[in-house]
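Below you'll find the structures, each written out as C-alpha cells.
Heads up, the next two complexes both have chain A, just with different partners, chain B and then chain C.
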Partner chain A sequence: MSAVAVDQNLLEAAVGRLAEDGLTALRKKALSNFGKTGFPSLRHEDWRYTNLAAAAELSNSCLSEPSPPAAPGSVDIGQLTAEIDAHWIVVSNGTVIPETLSALQEAGVSITPLSASVNSVEVHIDDPLSSFNASLLSDGLLIRIADNAKVEKPIGFLLLDDAETAAGLSQTRFIIDLGRNASAAFVELHRSSGNNAHFANSVIQIELGTGASADYVRLQERGAGHLQIGRLQALLREGATLNYTSIDVGGKLIRNDVVATIDGAHATANISGIYLADGKQHIDNHILIDHRVGPATSRQNYRGIVGGRARCVFNGKALVREGADGTDAEQSNHNLLLTDTAEIDTKPELVIYADDVKCSHGTTVGQLDKTALFYLQSRGLTLEQAKILLTRAFAGHILRKLPLENVKKYAHQMIDRKLDHLTGDSGQ
Partner chain B sequence: MLEIKNLEVSIGDTQILRGLSLSIGTGEVHAIMGPNGSGKSTLALVIAGHEDYKVTAGSVHFEGQNLLDLAPEERARKGVFLGFQYPVEIPGVNNAYLLKAAVNARRKHQGESEIDAFEFLQLAREKMKLLEMDPSFLNRGVNEGFSGGEKKRNEILQMAMLEPRLAILDETDSGLDIDALKAVAKGINALRDPQRSIVLVTHYQRLLDYVEPDYVHVLSKGRIVRSGDKSLALELEERGYDWVQEAASA
Partner chain C sequence: MSTEANDIDLLVNRRYEHGFVTDIETDSLPPGLDEDVIRAISGRKNEPEFMLEWRLKAYRYWLTQKEPVWSHVSYTPIDYQSISYFSAPKSDADRPKSLDEVDPKLLETYEKLGIPLHERAKLAGVAVDAVFDSVSVATTFKGKLAEAGVIFCPFSEAVIEHPELIKKYLGSVVPYRDNFFASLNSAVFSDGSFVYIPKGVRCPMELSTYFRINAANTGQFERTLIIAEEGSYVSYLEGCTAPMRDENQLHAAVVELIALKDAEIKYSTVQNWYPGDENGKGGIFNFVTKRGDCRGDNSKISWTQVETGSAITWKYPSCILRGDNSVGEFYSVAVTNNMQQADTGTKMIHIGKNTRSTIVSKGISAGKAQNSYRGLVRIMPQATNARNHTQCDSLLIGKQCGAHTFPYIEVRNPTAQVEHEATTSKISADQLFYCRQRGIAEEDAVNMIVNGFCKEVFKELPMEFAVEAQALLNVSLEGAVG
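Entry: the complex of A and B
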C-alpha cells in the first residue's frame, strides 16, 4: 500500500508562494479540497492498480525546493511541431509560452488566461488530482470557439516538460468551450527532453454546445522518467459530437481519466485509444461515459500492446442513468501480450438504470495469431517482420480512424518507433 | 527439383506421414490425390516449414539443399511457394503491401533491386486481369472479407507475382464455382514453365481437367501408394479411392 502522501504543509507553502491573481481564491478552495482527500490510495477502487506513491514523493521533493519555472530546454520546438500543421500553443513545464499564444490569430477563436476569466467558467476541482492541479496552477487557458465557427486548422498543445536538469512538477489546465454548432480540432502532444523524473498533471475541460463537434487527439511520447496524470472532462450538449483518441507510448507511469457526460439527446462520444508499453511502464486508462440523456451514442474502443514487464489497465464504464432511454453504448478493449511477464488488467463495465438501451462490451487478451505469422513467413517475411506487421495492423484499427492526415502520419510514426523497441523487447 | 525420402511426420503424438517418398523433376506438374486425412495438407505444410509438424525421419531436398534446415521465409525466398487451402484473413495488412513485401524479399534474396511502385502496380494489374480479379482487391486487407473463391484467386495472384521455382497448391480447387475454377486454372497454366515445378494437391479430379498433370500420385495413410499418369486421376474419379487403398494394403 502506498505509504507516501503529499505533505499538505509543503503544498500550502507552495500555493502561498504563487502570485496573487484571479486564481487565488480557486487555489485556496482547491487546496482545502485536496487536504480532505490527498492522493487516492490503492484502496480506492478506481486506483487499485495505480500507485501514486512515487508521484507524491516527487511532489514533496519539488514542493520543498521551489524552483522558478524552467525555460524550454535544448528541445527544438519548431522541429517537434513541424510535422503536424496546427496553431501550436507551447506549454513548458506548465507555463504557456506567451509568444506562441499571441501568434495565434484565427477567426472565431478567443484565448484568454484563466486568471482573467475564471469567474465566467466552472473549474473542475471535484477529484483529488484536479484539486491538486488547481491549487498549484500558475495559470491556465480559456479557449472559446464562437457559435457556428468552423475552425479548419487544429489547435495544438505541446506539453513540453523539460527534465534535463532536475526533477519537475507541472500543472496544466485548459478549459475549452465550443459554442453552438462550432467545430474544431485539437492535438495534445506530450514530449520531454531529458530522462529525469517529472510529474505532469493536466486537466482539460471541454464543453461542446448544441450541435458542436470536436476532434481531440492526444499523443503522448514522454521520457522514461515521467509520471503523467491527465484528465479529460467533457460535457456534450444536444447533438454534439466528440471524437477523442489517446495514444500512449512513453512515460513511466501514465494515468488517463476520460469522463464524458452526455447531457443532450443525439450526442455522440467516440472515445478511443492505443497504449504501447514495454520495460516496466505502467499505463492506466479509465473512461467513464455518463449517459444522462437519451437517445445518444457512445463508443469506447481501446487497444493495447504490452511487452516486457509492463502493466496496463483499462477500465471503461458506461453509466446509463434513469430516463436515458435510447442510449446506444459499446465498449471494446483488445490487447496483445507480447511477453509472459507483461500484464493487462481490463474491466469493461456497464451500469444501466434505463430500460430501452442497447449496450455491449467485449474484451480480449491474446497473442499474435500464429496462423497469420506462418502465412506471412511463407511469403518471405521474417518472423520479426511478420510480428511487426501484425502488431502494426492491430494498432491500425484505431489509427485509421484518426481525423487529420498529418496527425495520422505522426501517430503511425510514433507507434512504429515504439514497435521497434517492443518487438525487440519481446524476446520471442 | 524436390526430393523427398522416407519422410515421417507427426503432429503432437499423431503420426501422419509414414515413410513418404516422392521425386519431382524440374518443369513437371504433379498431382497428389487422396482421401481426407491421408496426409496431403501435412505434406504441403511440411514443405513450407510449418513448425507444428515435426519431422521424425527422412529428408526433403530442394535443388540439392536440405529444406528442413531452413526457416519458412528462407524456403519462400529460395522459391518454394505454398498456396494455402485456407488462406488466412489478416485485417489491417494491405494486400498490395504484402505482395510487394513478398516480391521484394524474393528479389533481395536473388540479389536484385526492389521493385519500384510503378512496375509493381503494372505487374499486379496484369496478373489480376488474367485471374479476372478486380484491381480494388489490391487495396483491401489481406483476404479480409474475401469469398472462398476470391481467397484462392488471391493465392494464385501471389504465386504469379512471386514466380516461384516450386509451387505447391493445396486444395486450390476446393470451394470454387466453375468460373472461378477456370480462372484459377488459367492462372496456373500461365505459370507452367520448363523451369518451374507445380504440385497440385487435390481431392477431386475436377481441376485436372483444366490443368493437366504429368504425374498423378495417390496418397493414403501417409504414403504414396500408387503413381501413374493423368489416366490414374480419371480412374480414381470413376472408382473412388477404396480400390487403391485395398490394393496397397493387400
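Entry: the complex of A and C
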C-alpha cells in the first residue's frame, strides 16, 4: 500500500498565502516541524489502525486551491444552538465569526485572537497533526478565565464546517487558561452542512490552574463525508479537576487524541466517551493520561456501539512516572459489536514506573446479554424494542454523568437518532 | 516441599545460584556468520540437502531484515558477527548410548542444579533429552517411548531419521520469514527436540528437556518441533539454567507445536537463565518465538511458563486456534529484579468456530527491573462464538521498577465475547495488615500474598516443575497457606 503524503511544496505555498500577522513565525516553525515528519503512517504504533491517506489526499487537493470563503453556508446557527444554553462562539471552516465573540460578556473571561497574544502562551506543535494545524492556522483564540472566577453559563464552540459547494480543509486552535480556583464549562459542538468531503483538524489546549475545575463536553455529529482529527491537550495543576466527555456519532473518519498531563498532586482527570458507528465509519479514540505527580486520580471510561462495516479503535494509556506515588488510575472500555462486518480494536495500556499505585483496566467486547433480552421479551417487549432499550442503557452509563442538563438532553437525542440508524442497520 | 521463612527481600536479593561453568572442552566454530558457517553447521550434522537449502533461504532472508525495536526493553546492540554459531561437546564422534557413557562432568552439572539425571529419570518417570549447549548428549527412556510409538529425539537426529516429518512440519507454524530472530534461528539452529506422538497415543510419561548454555560467547539456537497426531496427548517440560558469565549471551529459540484433531499439547517452561548481576552486567538475551497451531478440531494447546531468569526476555508463546472448538491457554509468571527486562505475553488468534482462549499473566517486578505484558487477542470474522478471557496482574516491589501492560484486542465477529482485566499494585497494605492482625509475621504474610498472587499459574504446572518454580521464586507456596 503506497501511503499518500501531504505535498510539502503545496503546503508551503498555502502557508505563504496567509496574511502576515502575529502567527507568521509560529507557522514557519510548525511548517518546518511538519516537514520532518509528514502525517504518521500505519507503521507508527499510535496510528496502526487509522489510515490518514484520505486526509493527506484531501489536504493536497484543498491546498492547491485558495481557501474557501469563511462565511457559514445556509445553516441557521440559531437553530443549531437553541437547545443548549451557552455563550456560543461560532467557528466556520476554521475562522471565528467575530460577532459571536463580542456578544460574550462575562465577568472574568477574556478572549483574544491568538495572533495578538501568541507570545504569552505556549502553542503545542509537537506532533505532526498539531504542527500541520499551526502551519495553516488563520487565527485561533486565547481564552483566559481569571483566578477565582466562576463562569455561570457554559462557553460553547460551534465548529461548523461547510462542505456544500466544495471540499474543504479547516484548522481550529483554542488555548484555554483557567486561573487558580476558576471554574467553567465548555461545549464543543461539531456540525456540518453539505455532503462534500471535509477535513477538520482542531487542537484545544487547556490548562487548569491550582484548584481549577472544568467540564468539557464534545458533541460530534458531522456529515458522512467528513474527516475530523481533534486533539485535547490538557495540563492539570494541583487539585485541579477536568471532566471530559466526548460523543461521536457522525463523520467518516474521526480521530480524537486526548492527552491529560497531571502536574500537581490531588488532581483528577475524568475522561470518558461514547462512539456509535455504522456504515463505513472509522472512529478512533486515543487517550493518554500522564501522571507526573501523585497522589492523583484518573478515570478513563469509554463505550462503543459498532455496526455496519464500521471500525472503532480505542487506545487508552495510563502512564505513571517515577515518583508519582499514590496514583489511582482506572480505565474501562466496553464495546457492543452489532454486525459481522464491524470491527473493534482496543488496547488499554498501563505503563507504570512507581510502586505505590493502584491501576487497573477492564475491557470487553461482546453482545447484549441474552438473559436480559429474554427477560424483557417475557415482559412483553419485542426483541427489537428490548435491543434498543438495552443498547440505550449501555450508552446511558456515560451519558448519565454529563454535567449540564440541557447538554445531557441534547446528547441523549443525538444517541437516540443514531441508534435508530444502527439497530435498523444491524439487520437481525 | 515448601521452603519456610523466605521473604521478599530474599527473593529480591537472591544471587544466581547456578552460576558456575563446567569445564568441558567444546568444539566451536569461530565467531562470525556467513553462508560458509551455515554450510559448516549443516555439514557437521550430516544434514540432507533440503535442510541446508532451507537454512540458506532463511539466512538470505535474515540479511534483508532489521532487528525489531518495538519491545519495551533496551540493550546495547548485538554484534552478530562476534557470536560463535556452533558449539558441541568434544565427544561428538562417539555419542553416549546411555547415562553411564555421559561425561561425568556433565552429570555433575546437573547435580549442582539439584536435578540428578538418574534420579529424575528413574524416580519421576521422566525421559530427559538433555541439550548441553548445542548437541543433545543423552536421551533416556527411549525404549519405553518407542514401544508407544512416540518419537522423542534430538532435532538433528530427526532430520536424518524422519526427514519426511521434518519436511512436512518444519516452518509450518513459524516460517523462516516470521521475524528477525526466527529467521536467524532457521539459518543457524543447532539442535533441539523433536517429538512425534502417533494417532490416539497418550504419551506414557512427561517429556522433559534441560537446556543449558555453557560455552561463553556461544549463541544457543534451539529448534523444537512437537507434533501431536489425532487424539493424542503429550506434556512437555522445558527448563533452563545457565552458568555465570559476564558477556551477554544470545539465545534465539524457535518452538513449533502442532495439534491435530482432538490432540492436546501441554508445554511447560521454567526459565532461570543467568539474569546478569545487580548492575545489569552480563546475562542472557532470550529472544524466543514459540507458537502452537491448533490445526485440528477440538485440539488444545496450553502454555505455562515461569520466567525468572535472563537479562532480557522477549517471548510470546502463542496459539493459532484454527480448528473448530479448539482451545488455547497461556499461564505465565514473570519475575524480574535488579536490571532485568521482560517483555512477554501471548497471541491468541481465533479462526475456528467456538474457539476459546484463556490468558493469565502475573508479573512481579522488583529492583530496577522492567516487566511488560504484551498480548494480542484477535477474533477473525469467521470465528463465531469465540471466547477469550484475559487477566494480567502486576505486582511492584520497590520504587524504581516498572510494570507495563500492552494488550491488543481486535474483534471482527459480533458473537465473540472478549474480556480483559488488568491490575497493577504493590502488596496491599490492607491485606498485609489483616494478616498481621491475625498473628502472622510480616515476611510470612508477604509470602502468602505473593503465593496467592502466583497460585493460579503454579497450579497449571506439572508437579516436578511446580516444585522447582517454588524454589526459583524462593517463597513458600501451599505449605504456608495450608
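Here, the second predicted complex is superposed on the first by the 423 of 428 C-alpha atoms of A that agree within 3 Å, B and C clash if a C-alpha of one lies under 4 Å from a C-alpha of the other, contacts with A are read in each partner's own complex, and residues count from 1 in each chain.
Note that in this section a residue touches a chain if its C-beta (ideal position, glycine included) is under 8 Å from a C-beta of that chain, and two chains touch if they have at least 3 such contacts.
Owing to the predicted nature of the structure, the values given are computational and were not obtained by experimental measurement.
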Which superposed partner A:K358 touches (first chain B, second chain C, both, neither): second
First, second, both or neither for A:A372, with chain B first and chain C second: first
Which of chain B and chain C A:S64 touches, first, second, both or neither: neither
Most chain A residues touched (candidates chain B, chain C): C
Touching partner for A:L338 - first (chain B), second (chain C), both, neither: second
Common interface residues of chain A - those touching chain B in one complex and chain C in the other: none
In the complex with chain A, residue positions of chain C that touch it: 70, 379, 381, 394, 396-426
List of chain A residues in touch with chain B within their complex: 369, 371-372, 374-383, 385, 389-390, 392-394, 396-397, 400
Chain C-touching residues of chain A, taken from the complex the two chains share: 45, 322-323, 325, 335, 337-367
Complex interface listing, chain B residues touching chain A: 48-51, 71-73, 75-77, 81-82, 84, 87-88, 90-93, 98, 101-102, 105-106, 109, 141, 158, 162
